[in-house]
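Read from first to last, the chains carry the letters A, B, C and D; within each, the first residue is number 1.
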Amino acid sequence: MQDKKTIVLGVIGSDCHAVGNKILDHALTEAGFNVVNIGVMSPQEDFINAAIETDADVIMVSSLYGHGEIDCRGMKNKCVEAGLEDVLLYVGGNIVVGKQEWKDVKYRFSAMGFDRIYPPGTTVERALEDLRADLYKEHKAAV
Amino acid sequence: MQDKKTIVLGVIGSDCHAVGNKILDHALTEAGFNVVNIGVMSPQEDFINAAIETDADVIMVSSLYGHGEIDCRGMKNKCVEAGLEDVLLYVGGNIVVGKQEWKDVKYRFSAMGFDRIYPPGTTVERALEDLRADLYKEHKAAV
Amino acid sequence: MKLKNRKTSEGEFFKLREEVLSQWETGKEVDLKEAVDYLKKVPDHMNFAKKLKKAKDEGVTLAQPRAGVGLLDKHIELMNYLSKEGGADLLPSTIDSYTRQNRYKECEIGIEDSIREGRSLLNGFPAVNHGVRGCRQVFENVDKPLQARHGTPDSRLLSEIIHASGWTSNEGGGISYNIPYAKNVSVEKTLYDWQYCDRLAGFYEEQGIEINREPFGPLTGTLVPPSTSNSVGIIEALLAAEQGVKSITLGYGQGGNLIQDVAAVKVLEEQAEEYLKKYGYKDCFVTTVFHQWMGGFPEDEAKAFGVISIGSMTAALAGATKVIVKTPHEAHGIPSKEANASGIRTTKMTLSMYEGQKMPISKELEEEMSVIRKETECIISKVIDVGKGDIAQGTVKAIENGIIDIPFGPSIFNLGKMMPARDNQGAIRYLVPGNLPFTKDILDYNRKKLEERGKYEKRDVNFKMTIDDIYAVSRGKLIGRK
Amino acid sequence: MKLKNRKTSEGEFFKLREEVLSQWETGKEVDLKEAVDYLKKVPDHMNFAKKLKKAKDEGVTLAQPRAGVGLLDKHIELMNYLSKEGGADLLPSTIDSYTRQNRYKECEIGIEDSIREGRSLLNGFPAVNHGVRGCRQVFENVDKPLQARHGTPDSRLLSEIIHASGWTSNEGGGISYNIPYAKNVSVEKTLYDWQYCDRLAGFYEEQGIEINREPFGPLTGTLVPPSTSNSVGIIEALLAAEQGVKSITLGYGQGGNLIQDVAAVKVLEEQAEEYLKKYGYKDCFVTTVFHQWMGGFPEDEAKAFGVISIGSMTAALAGATKVIVKTPHEAHGIPSKEANASGIRTTKMTLSMYEGQKMPISKELEEEMSVIRKETECIISKVIDVGKGDIAQGTVKAIENGIIDIPFGPSIFNLGKMMPARDNQGAIRYLVPGNLPFTKDILDYNRKKLEERGKYEKRDVNFKMTIDDIYAVSRGKLIGRK
């Protein structure tokens, strides 16, 4: 791996699910990333401020509790306004309410400006693979 | 209940499922019918001979093991040939292989000449109700 | 606000009420006198506390789902579906996450969006926004007792509204609805706010109306050692009893080792009753609730049914009074009503196959009970100690110092030094005890059990085990073997 | 034919073979010498006996479905689906009912009709009609050991064909594949024919090829008291061992009372090993198989999943070597491959959650074990007694006299005087003992247990209980309470 990339990690909205967040932190750090973990119950602003302060390459948003769709609205715009248009925006967890058709969900979040959208049960390995592809263009994969 | 009606009861073909048969025997007898139980593994001929010998009103065929469709073919014809055209022909149990659309199954057995066709899990009460309706025309119900 | 474990006087209580009821416009719908009259007319079969008592007396285990959607008519439909098609014995109403944060404005938006898009964008029922009018409409249109299930640090207004609406049970507590559910809310504040909720239930009790209270047993649902959750449950029971609560249901989340799970439920009930008696709360009626597996679920529905059944069976064998039901959609998202009902039916089938069957006492079961009992005693007596006899003050300090330390708790007030892992039989043990006030015997026992596993798997006993254990069930195993 | 429990000489055996192989045209495909060479090349992971031994050594419970369809390609597809999508550890091939009756002509019609209609009209795989060529095709296209599962009184030709095809296990026995499956076939004849099947397995053993044999434990699957099925299993084990069988798997069908079920499996294994040793069969390897609920199933799939899980759990806690899996379609008909695979996944999830967890010994478990042990001893010693030392001859007489009496057995050779019913904990007891050779103590014990239930339900202890119990599980309860 080339230079050390920075990832802002957090759980958006009023969401308290902490386990996945702690594990992602652990695994991404172990994989050689510089992880800035803003933890659970983080508003959009906290993600953006952290990304500015740390000159981050990726913002990884988790949403587990079902309000992800409401919580993520307008986030891309705010990023652009803050000059973070090039920062990659990932989202994962259980990002909508209920068990829905994945392609519809993906479409909606894609339209909101997210670069990568992950279904429930995504492994850390999968995330790492994509991060490497997107950040180091080692093996560019289609989204 | 008026006069005592006679029912020939049995399990058709190579079918060894005995429990339902023993219980039907017990319950129909208790309900006042004259039950002639030819038991499990009975060929069509045994049903027909028993019906002739006992001047039966109804033949109740059970088939549980899945070969019911093969085993019941041509039975109505044989009944007619034997002069039993007026004997009611019921069939029940798990009469086809697998979980199939019930209306298709019913259609196929109806076409084979069965008067009443019962799905898995039919209660004895349900059978008794129909027997009374068909035999005593107390409350004629649509099949 | 000066937190103390003593019954709030009626004067204080009524003063606080004014403020509470003004937090959102629906607060003014609550008229305590009228509510008492309303509740007095609730028939026995619709009263949560009474139904639990009856179940305990008869030795049966009741099944209760979790469920809630944003819109009133849809929520009523859902409740009836779960009762009729699922066969639920007790009904919930899971409250949405904005209400849990007292963000009622966002609920309003969620409700409006849900109406517009024709699907629930809220992850639960926003009871405060629907007010007494809405909540009574729910109550009057269902055929089983109702309980609010949430995760709200400050649920004072919520409690006012639901009880006034005929909902005779409320889940939560000052620790259990803070550490797993909140980030920045001080423990002192939550304990204080839950004293209010308990006082409200106590007030109704004084009027002859039985209201059930249920501390949230499973906490973070993730590798919580039984003595940790049992201690929290018993402390919250003592705090509730002081405020006049009489019907208390203590919860435990399935760990996965059958003997440990049965032991945990049995000791929980036994020790709760002992402590309540010891501290002079003589007429409390304690029941237990067993939560089917609360951690990450397998995605495959067939496997999820297996996990659901194993929880139901354990609940039955442990003799729990009720079981909280998961669904085959658990790993994916809020379940459809059909998936929820199927989870209940699987549960009920399992429960009724084991009705009347209990796990017999064995050497192994006794040993496990004795371990949990001793660990719990260590924790609770230390809590009382640091609180100089006051268990409310002691709790605040205990959490600060890690005497109570909840694994993976998101709260900044949780020390987070303790780490759990499974032993070679899958029982949950203290891997890193942090500041837990255990005797050397207990620490050695926990270590020995974990070393057994390390030896079997030929691996070091460390945090990697914990991580592997967290994923294990969702990947089809109980123990995250190397 | 003079039935005697002594090893068939090679001469006799080869003489019989000629006749057997001429029963249907595919018989001539069997060349024993070539078959031995073929089987010698079967790798360990494809050998049923070896895989069972490994599982027992490791203390894990394997999952095996039942499945079979009429057409070869569809059957291979089905086997692979169950292995890959279901995660089956062992593969079956359930044989159709015409083959079971040696009516190979009707099989031919069934196969043709199935081809024409594009759906299987047969309820299993007609292995004899497909012959060694077809059966080897199955074997060579799957990745797990294969076993024939059927219900065939005379399965000599079937056994020849499957073993020569690399299928290293065969289910059945002279009692267990007669009384529950046949009407007019004499016990003497079936025992004689199964001696042949056992001798065939024994022959392969002599050539160094391990072949597993499995008496069919659940019998009629309907309220069979454990000592009845255990006695049958042990007798069939002794008969098989005499013919040179070394790998024996004894079966038990779930009754529903956890303690009784665990006790039954433990005592089955223990007594089988004792009897085998006592009669000089020193190098037999005994494993156990637990059958998930074999009686009428609930129609609702969610409930069926509950029944499936509870069986898996019991199997794991009892330490059975394998478990036979039911499906959510059980009450309806032969399952689709998807339904079958989902039953396996539920089972495997449950098994692996309890991997390594066993039911601890308790007073209750010991009592139940001791009751089953004593009852079984009474039956087996009486069988040997009436056979004047020859257990084969004894069995024929014992069934005639109702010393062995299988509830609801359709065979006219079964006495059918004995009637079972559940006690107040759901354990299966002897309600009407018929001619069973029990001591007064045992009879009193059974009666006492049933009276407890009668008292609890305020009803007479009689056959109505039996009927209610038969329906109970399919209606969502274990016990048919009044």
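Throughout what follows, a contact is a pair of C-beta atoms (placed from the backbone, for glycine too) under 8 Å apart; a residue touches a chain by one contact, two chains touch by 3 or more.
Remember, predicted model here, so these are calculated numbers, not experimental data.
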Where chain A and chain D overlap in contact partners, by chain label:
C
Just curious, how far off is chain D from chain B if you go by their C-alpha centres, in Å?
31
Centre distance in Å when chain C and chain D are each reduced to the mean of their C-alpha atoms:
45
Geometric centre distance via CA averages, chain C-chain B, whole Å
54
Of all possible chain pairs, which ones touch?
A-C, B-D, C-D
In the complex formed with chain B, which residues of chain D make contact?
96-98, 100-101, 103, 106, 109-110, 113, 119-123, 151, 180-184, 220, 222, 295-296, 299, 329, 331-336, 339, 408-410, 467, 470, 474
Where on chain C is chain D touching in the complex?
256-259, 298, 300-303, 305-310, 312-313, 317, 341-343, 345-350, 352-357, 360-365, 424-426, 473, 476-479
Touching residues (chain side chain A, partner chain C) in the complex:
13-19, 22-23, 26, 39-41, 65-67, 69-70, 94, 96-100, 120-121
